[in-house]
Amino acid sequence: MSTEPQEQQETPSFGVAMQELEAILQRIDSDGIDIDQLADELRRATELLELCRGKIRTAEIEVNQIVQQLEDSVDG
Amino acid sequence: MLGHEATYSISELTEEIREVLGDAFGGVWVVGEVQRVRSSQRGHLYFELVEKGRGDRIVGKIDAVIWRTDYVRVRRELAANDQEVVEGQQIRCWGHVDFYGPAGRLQLIVRNVDPLFSLGLLEQRRRATLAGLAKAGLLERNRQLELSEVPLELGLITSAGSAAYHDFLTGLTDSGFGFRVCLAHAAMQGAEAERQVVLALRDLVAYSRSPGCRLDAIVLIRGGGSRSDLAAFDSRRISEAIARCALPVLTGLGHEIDESIADRVSHTAFKTPTKVAEFLVEQVALAESSITACGEALRRLAHVRLQQAEMKLRRCERLAPVARLRLQTAALALNDRLQLTHRIGRQRLTESRRKILELSTRLQASGPRFIDRHRDRPGRLAERCVGVATGRLREATAVLDGISRLCAELAPEKVLERGFSMTRNGAGAIIREPSQVRSGESITTTLAGGSIESRVEKT
Amino acid sequence: MSTEPQEQQETPSFGVAMQELEAILQRIDSDGIDIDQLADELRRATELLELCRGKIRTAEIEVNQIVQQLEDSVDG
Amino acid sequence: MSTEPQEQQETPSFGVAMQELEAILQRIDSDGIDIDQLADELRRATELLELCRGKIRTAEIEVNQIVQQLEDSVDG
Amino acid sequence: MSTEPQEQQETPSFGVAMQELEAILQRIDSDGIDIDQLADELRRATELLELCRGKIRTAEIEVNQIVQQLEDSVDG
Amino acid sequence: MSTEPQEQQETPSFGVAMQELEAILQRIDSDGIDIDQLADELRRATELLELCRGKIRTAEIEVNQIVQQLEDSVDG
Amino acid sequence: MSTEPQEQQETPSFGVAMQELEAILQRIDSDGIDIDQLADELRRATELLELCRGKIRTAEIEVNQIVQQLEDSVDG
């Protein structure tokens, strides 16, 4: 799925981001990696992590909104 | 030998005949029927004795006489047996044959008459007559005729002016009833009796058939008399005439002991003429009382019928109350229907109102209930969504955290913190071997706490 | 009874009259007649009663001698 | 009864009148007739009652006369 | 009842009227009719009741007249 | 019920209205409708109730009039 | 269900909205969707919740009005 070409370049979906993260982790774990590369990989990982976290946050906001609504209706 | 023979004078001859006959018929029994009876002034009884053959033809006849001296005795002996020497009677007598010279006449001098012979003969004849009548079916014939309930019209056969006649008429007259008597005279004894009685019967029956002369019965009566006097009423001729008579014949023949054949074949036999009269009077009296009773019954019944009719009618007079009751009942029923109609009408309205109210109430409840049932459904679903989503997010966050931690551990900064350092040449490349630098080249060592700029002095 | 044609018109005999009377009684007794006819029947009954009574109660007894044919015309 | 065609139009006999009367009474008594007909029936019944009463009165007078005659003739 | 074509249009007899009345009562009582028709049925019932009452009154007057006549004739 | 084409458009009879009402109640009670339709159904029910009530009122007035008339005629 | 073309675009009925909510729950629960879509789905859920709530509120108000009317009409 995540390897399909029609995927948006800009921001990968949460699932694609997670796959990439897994791949980075794999790569880091192997001995062959340069510290500079490591740093790059880590940077990328951090980027992706951020991205995912953002996505979760966004979802969380939605959840909260529903909860808010639910609570409102209880209070209201 | 003419002239030499002994020659009788008449008297000599008659005398000799007398002697011979006297010797020959000195004492004989003779049977014959008495005819032409006549008594002489001197008291002798002269008669003829005859014998009849076929068809009453006389086949033998002899003159007979009973001298006065004998006759007194004979008569006494016969009377003791209720008999006498009468015309037509068969007698058995004893005597001798005598020839009476002066008259040249033969006669039987009767000295005795057998009373028992006549009696037996009579009885014999009586029985024969009865048997003949019975055979001809005549004994009960007259008795079967119906005697009128009111025997007022009577034919009377008797000797006019006799005691019987007077007794009978007196009996009727004393009753005061309107008897009508048609007399037919007949000798009731002697040789003519039989014929006259039969003729009288015939005449009365003929009379009864003439218009307006209907007779209810014929009364045949006579006063008392000797048994021999009654002989006619034992005769077949009279008996048959009575039996065959078209009218009921009532007899009153006036003897107490024996019943004659006439009595036997008559409708009803009475002892005496008076008894006949009494019977007739009694019959009429009975009829009169039944007439009176009938009149009373009529009167009573007519009134009963009227009363019944009136009672029946009176029962029908309750018409008016019954009709009124009908009307009252109808009015009551109507009123009942009226009230029922109103009640039911109102009831229907009330029921409808109640139904509508019930429906209204149910509707009022059903709307809010419906909402109540559905109110929480979206919320519950949303809550489940929240739960599931929160779980999913928490899971994702945990995965991210793990990765984040791993990254952090692998980060160069972490190695530096343990005391390692990293040195780069001026180009920024990491220096792994001393040969990679020349003396005097400035290098940068990165430490955990920062970086140090230094110069290579020697390699 | 009273309606039979062969009955003598003049005066019925005592027996016939009594029979008719009995018949009338029977009819009156057994509802056989109507009230309408009652008087007529009673009238007829009275007539018959009178007739019968008349026959019995005559002023005097009557005796006649019939003319006799003393000759035996049948036999002679 | 009252509907039979063969019934005499003029005046019925006492018996026939009584039968009709009783039939009417029965009908009135047993709801056999309509209220509409009640008056007519009653009128007819009254007529019949009058008729019957008249008949009885007439019969009574006649019977009394005849009986009087009878008694007179018995006594006389 | 009321729906039979052979029924007289003018005025039914007492008996027929009562039958119709009973039929109406039955219908009203047994939910056989709608409230819409109730008034009409009651109106018809009332009509019939009036009719019957009239008939009874008429009969009563007539009966009284007849009875009066009868009593007069009995007394007279 | 309410969807049958032969139903009168104008005003249903009392009975039909009652049947429709029952049907509405049934639908509401058995969750046979959407909440969107609830108000409409109730509104229809209210209409029908009003209709029935009106019919009853009309009938009542008429019945009272009739009864009054009858009573007047009884007293009168 | 929710994917059928004849469905109204504007606002689904309460029932349809509820069905969609159920479908969302199903999808969220089944790892079938990405966290990215989770927010979308939740947003849609929020929308639907809002919609249903609105419908209920609207219905409630209307029902109350109608009930009030009904009560008034009973009292009145």
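Every chain is named by a letter (A, B, C, D, E, F and G) in the order it is written, and numbering of its residues begins at 1.
Please note the rule applied: a contact is a pair of C-beta atoms (placed from the backbone, for glycine too) under 8 Å apart; a residue touches a chain by one contact, two chains touch by 3 or more.
Keep in mind it's a predicted model, so treat the numbers as computed, not measured.
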A-G or B-E - the one linked by more C-beta pairs in contact: B-E
Chain at maximum distance from chain F, centres defined as averaged CA atoms: C
Far-end chain from chain A, centres as C-alpha averages: C
Interface sides of chain F and chain G: same vs different residues, half threshold: different
Averaged-CA centre spacing for the pair chain D and chain B, given as whole angstrom: 33
Centroid spacing, where centroids are CA-atom means, of chain C and chain D in whole angstrom: 34
Chain E and chain G: spacing of chain centres that average the CA atoms, whole Å: 66
Per-residue multi-chain contacts in chain B, two or more chains: 295, 298, 302, 306, 309, 317, 319-320, 323, 327, 330, 338, 345, 349, 352, 360, 363, 367, 370-371, 374, 379, 382, 385-386, 389, 393, 396
Touching two or more other chains - residues of chain C: 35, 38, 42, 46, 49, 53
Complex contacts: residues of chain A adjacent to chain B: 14, 18, 21, 25, 28, 34-36, 38-39, 42, 45-46, 49, 52-53, 56, 59-60, 62-63, 66-67, 69-70, 73
Contact footprint of chain G on chain F as seen in their complex: 34-36, 38-39, 42-43, 46, 49-50, 53
Chain G-facing residues of chain A, complex: 13-15, 52, 55-56, 58-59, 61-63, 65-66, 69-70, 73
Complex contacts: residues of chain B adjacent to chain A: 379, 382-383, 385-386, 389-390, 393, 396-397, 399-400, 403-404, 406-407, 410-412, 422, 430
Residues on chain B engaged by chain G in the complex (per definition of touch): 357, 360-361, 363-364, 367-368, 370-371, 374-375, 377-379, 381-382, 384-386, 388-389, 392-393, 396
